[in-house]
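Alright, structures below, take your time with them.
There are two complexes below, and they share subunit A, which is joined by subunit B in the first and by subunit C in the second.
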Partner chain A sequence: MRALPWAYLIAAFVFIYLPVGALVLFSFQAGGLPVPPFEGPSLRWYAEITGDRDLMEALGNSLLVALGSSFVAVVLGFLAAYGLARHVLPGSALIRGLLIAPLTVSYLIVGLGLLIVLTRTGVGLSLVTAGIGHVVINLPLAFAIIYASMGAQQQNAERAARDLGAGEAQVIWLVTVPMLAPAIAAAFFLSVTLSWDEFIIAFLLTRFDVTLPVEIWSLLRSGLSPRLNAIGSLVFLVSVTVVLILEILIFRRKS
Partner chain B sequence: MSRDTARGWGFVAPALLWTLAFFVVPFVVMGAMSLATLERREVVWGLSLANYAELAEKAYLWRAVLVSLEITLTVTVVSVVLAYPLAWIIAFRVPKRWQRLALLLAILPFWTSYVVRSYAWLLVLAREGVVNQTLMNIGLIAEPITLANTRFATITGFVHFFVMLLTLTIYANLVQLSPNYRRAAMDLGANAFQTFRHVILPLTLPGIVTGAFLTFVLCIGDYVTPQILGGNTELTVPQVIMVQLGRRADFPLAAALAIVLMGIVTMAYLACARWLRLDRI
Partner chain C sequence: MTAPVTLRGLNHWFGPFHALQDIELSIEAGEYVTLLGPSGCGKTTLLSVLGGFIEPTEGRVEIGGRDMTRVAPAKRPTTTMFQDYALFPHMTLRDNVGFGLRMAGMGRGERHRRAESFLDLVGLADAAGKRPHELSGGQRQRVALARALAVEPDVLLLDEPLGALDLKLRRAMQDELKAIQRKVGTTFVHVTHDQEEAMAIADRIVVMNAGRIEDHGPPARIYREPATLFAADFMGEMNHIPARGTGTATETPFGLLARAVQGRAVACIRPEALGTTEAALCIGAAIVRDAAFFGTHVRAHLVPEKAPDLTLTAHLPPASLPAPGESLTLWADPDAFRVYALED
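Moving on to the complex of A and B:
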């Protein structure tokens, strides 16, 4: 009976790591199919994907969209959080509700709504439209994270700065932003991971230039291939790196 | 309007305008689109309920709603049942100093791109895949069994993702509980099961319901997992929406299906509203 919890823990970890394990292991497969028996290890497929122009272009596009949309989301989210926390606004609960609202709607519906409006108004689909969609889904998170960390502590420092003659722009740039740096960084990196991985909005709102998840999607049609394993392992590596940065940024500070 | 308020609006305006222009307006247009009709491939605006009527009449449409509901409810229940013990073990059996690491490891694959994660399950469940090969090697089966392109595969892919999410939320709930509750129950003569059933479970119910609701919402709106793992034997609502967009460019019907999806989510919200603590996520 004593061993039962540990057996469960091990079984759960096997289940959780089974797909990732198979993904990474068979990315080093020497043969042409990512299934047992394992032959290798070989870096053949990694060499092939880094030489693939379409794929590397999609990877660059993904980074561009992720960084650009996260930057816009964090700037807009920060300004809104500052405005709501430091100024008296009528209907502020309603504004907060409206800013958070996109979180409650599935990505497919956000993308579908934008697609309808864009095609009706004749705006062409591109990386920019995908980026706009990603700002819509990341703005609520960025706003919520930054708003939650705006406390009395910064307010006192802001007041002191104002008493010493700083204008509002100086207060924000020299006091508020540095004091909130961990929350702002957390919001930014979270946005980057979500946008970097996002598929359905990017799929609906891009056309000729696509992001990496969309490119991977089109490769899926040709079935199982160690190439896909190699790409997937790389994407996983990037996400894990960003998550670990987040972990260190947020939790080291707290403890 | 005071100067302070005017300045405040200046800060809030960019985010507010963005949300209005790229979320609220598209949403309203989508609602209007669901009342339009398609005539000779052209959208004709109007106030018609034809799309919703079609939903009730055509079997492939309402069956998709049923399939989505069945899959989502199964996934939600199975995920909670599997995640609770895992969160429990991490919270109460794993030594304190290893808990953060155990939790981090338990949810690390959560961060695989979700297209890639579904593909990875395809690898595991394929005819020549890891599961079939292992089962044949140890002699449990003679022939490979069909695992991929079934509802079972879709549910497995979903459960994998949501077990990680729920382990995180339930763990957060369990460690918040004061150990005094457990001690008091034990002192009053309750055995481990009674303590769980009458003390811990009721106290963690809001957390469980919140996690389950989140699972329900994310699961019912997902297109990728059923599309990659489920094959095309039965379609979920998001898959049917994408079919409308692709083949026939039937935006009005797609919009109506999206509204139905939102209706289902709203009903789920109302059903568990009294336990939900969305502000605590």
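Moving on to the complex of A and C:
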């Protein structure tokens, strides 16, 4: 009977990781097609993609959009959480609801809505507009994470800081932000991974400079190639690294 | 540094709840005052008004002769030591204690030197590089004290500072707080619900109940001659003896007391003021209901023959433990009685 739980566990992980494993494995394929039999290993395709100017540019763009939009989302989310946790406002439950509601809206709707607004107002599509889209989807998450970790402990420390002569900006910068650092970092890294992988909004809201998922999509149209596996593996590596940083820096320290 | 505090005509409402009622109080520079009362009596509200965290609905707060009623906490010459200490967990003790100095714009070197000297004052000089989570409750309490004192406030406000400590540590910290207050000379206003703590530490006790000041004065005076029945009961155990005022004197089951009250009244006497050695007033024979040994005294419940409905509590000398059913003759000094008229 003991074998059954183990079999289930293994099956579940195979189900989750087999596609990723296959992708990574065939990125080391020496031949021209990412299908069995496996020939290699070879770094041929990695050499090719790192030499591809468009791809590397897209990778840089993706990083820029992920870091920039996450920074903006976390700053706005923190300020909203601080305001709502520390002040009694009329209709604050409604405001909280409205801040979190975009989580339930599909990325397609968010992207289309922004696209309509942006084209109507004559703002050209660029990395900035893709970044705005990512702020829209990441702000609710950042707000929810930071708001949930604001408690009486920080509030008392803030009161003590004010009593000792700190101004409002000093209270936030020297007391609240450091005390909430784990939650703020968690919100930031989560936003980075979501923005890094995001395709629909980036596809709709970029034009000449594109992010990596959009670039990969355009490559896909010319058929399967181990190049795509190699790019996919790189993208996966970055995501894993960010999640590991999150795990080690934040969740490990808490326990 | 130190300064006097004057409160005039303070009234505060939380919605319909009248939390502070006509508070008039003068505190001298360098005085150690405790605000004593049960929970909900308004003592913490009063402290928050002093610290600037609550703006009173009516009245005036003067610190060092200047009107501070509407001045923000940061701009007042007061600091507060909070009940849960509210230390900054991400800073070392040195940075915690130096925080107020940093806000005042003091340079790093001078600030660290001052912070360390205040840590030294509370006996934590060698822990300056530690963080609050590495400390025990008593040590955190000392850091909070050092942090509040480091900015050299005129008035230090302490909100139940010893509430989270165990009894033994609390008694030790009382002595230390008092010693530190003597050394720095700052005016201390200390909120507590523990009357022993208040008596141990204060130059003057302010007894509060239901938003009012019931009595204020030196501990011995408040204990021996409390102004109101509430203050009498709150400061320690009291025997209540029903009495009747004749206008010129007070009649009790045990004889006449020379106190001029009118109508229904209650005569009060502390358990330790009842004794078996002869004194001016004879309570008469009383039957021991039970008695227990307390080390410094024997605590006994007795039923007096002159008033069999009453049970008196007496603290008798510890040399002998009376047996239940034994008859003792009790005596008291008539001056030890306090008489309070009751409203009909």
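One rule holds in what follows: the second predicted complex is superposed on the first by the 252 of 255 C-alpha atoms of A that agree within 3 Å, B and C clash if a C-alpha of one lies under 4 Å from a C-alpha of the other, contacts with A are read in each partner's own complex, and residues count from 1 in each chain.
In this section, contacts are C-beta pairs under 8 Å (C-beta built on N, C-alpha and C of every residue); 3 or more make two chains touch, one makes a residue touch a chain.
Keep in mind that this is a model prediction, so the values were computed, not measured.
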When the two structures are laid over each other on subunit A, do subunit B and subunit C clash or fit?
fit
Using C-alpha centres in the superposed arrangement, which angle lies between subunit B and subunit C as seen from subunit A, in steps of 10 degrees?
100
After superposition on the shared chain, which partner residues are touched by A:Val175: those of subunit B (first), subunit C (second), both, or neither?
second
Which of the two partners, first being subunit B and second being subunit C, lies in contact with A:Met150: first, second, both, or neither?
neither
I'd like to know which partner A:Leu194 touches here: subunit B for first, subunit C for second, both or neither.
neither
Of the partners subunit B and subunit C, which touch A:Leu141 in the superposed model: first, second, both, neither?
neither
Does subunit B (first) or subunit C (second) touch A:Gly77, or do both, or does neither?
first
With both structures fitted on chain A, tell me whether subunit B or subunit C touches more of subunit A's residues.
B
Once chain A of both complexes is superposed, is A:Val235 in touch with subunit B (first), subunit C (second), both, or neither?
first
Mind working out whether A:Gly165 is in touch with subunit B, subunit C, both or neither, as first, second, both or neither?
second
In Å, how small is the closest CA gap from subunit B to subunit C once the two complexes are overlaid?
12
Within their complex, subunit A touches subunit B through residues 5-6, 8-9, 12-13, 15-20, 22-23, 26, 33-37, 75-77, 79-80, 82-84, 86-90, 95, 98-99, 101-102, 104-110, 112-117, 119-120, 132-133, 135-136, 139, 143, 168, 193, 196-197, 199-200, 204, 212-213, 216-217, 220, 224, 228-229, 231-232, 235-236, 239-240, 243, 247, 251
Partner subunit C, residues of subunit A touching it in the complex:
153, 156-157, 159-167, 170, 174-175, 178-179, 181
Complex contact set, residues of subunit C against subunit A
51, 53, 72-75, 78-80, 82, 84, 86-90, 99-100, 103-104, 147-148, 151
In the complex, subunit B touches subunit A at residues 2, 4-5, 7-12, 14-16, 18-20, 22-27, 29-30, 33, 82, 85-86, 89-90, 93-94, 100, 102, 104-106, 108-109, 111-117, 119-124, 126, 128-130, 133-134, 160, 163-164, 217-218, 220-224, 228, 238, 241, 245, 251, 254-255, 258, 261-262, 265
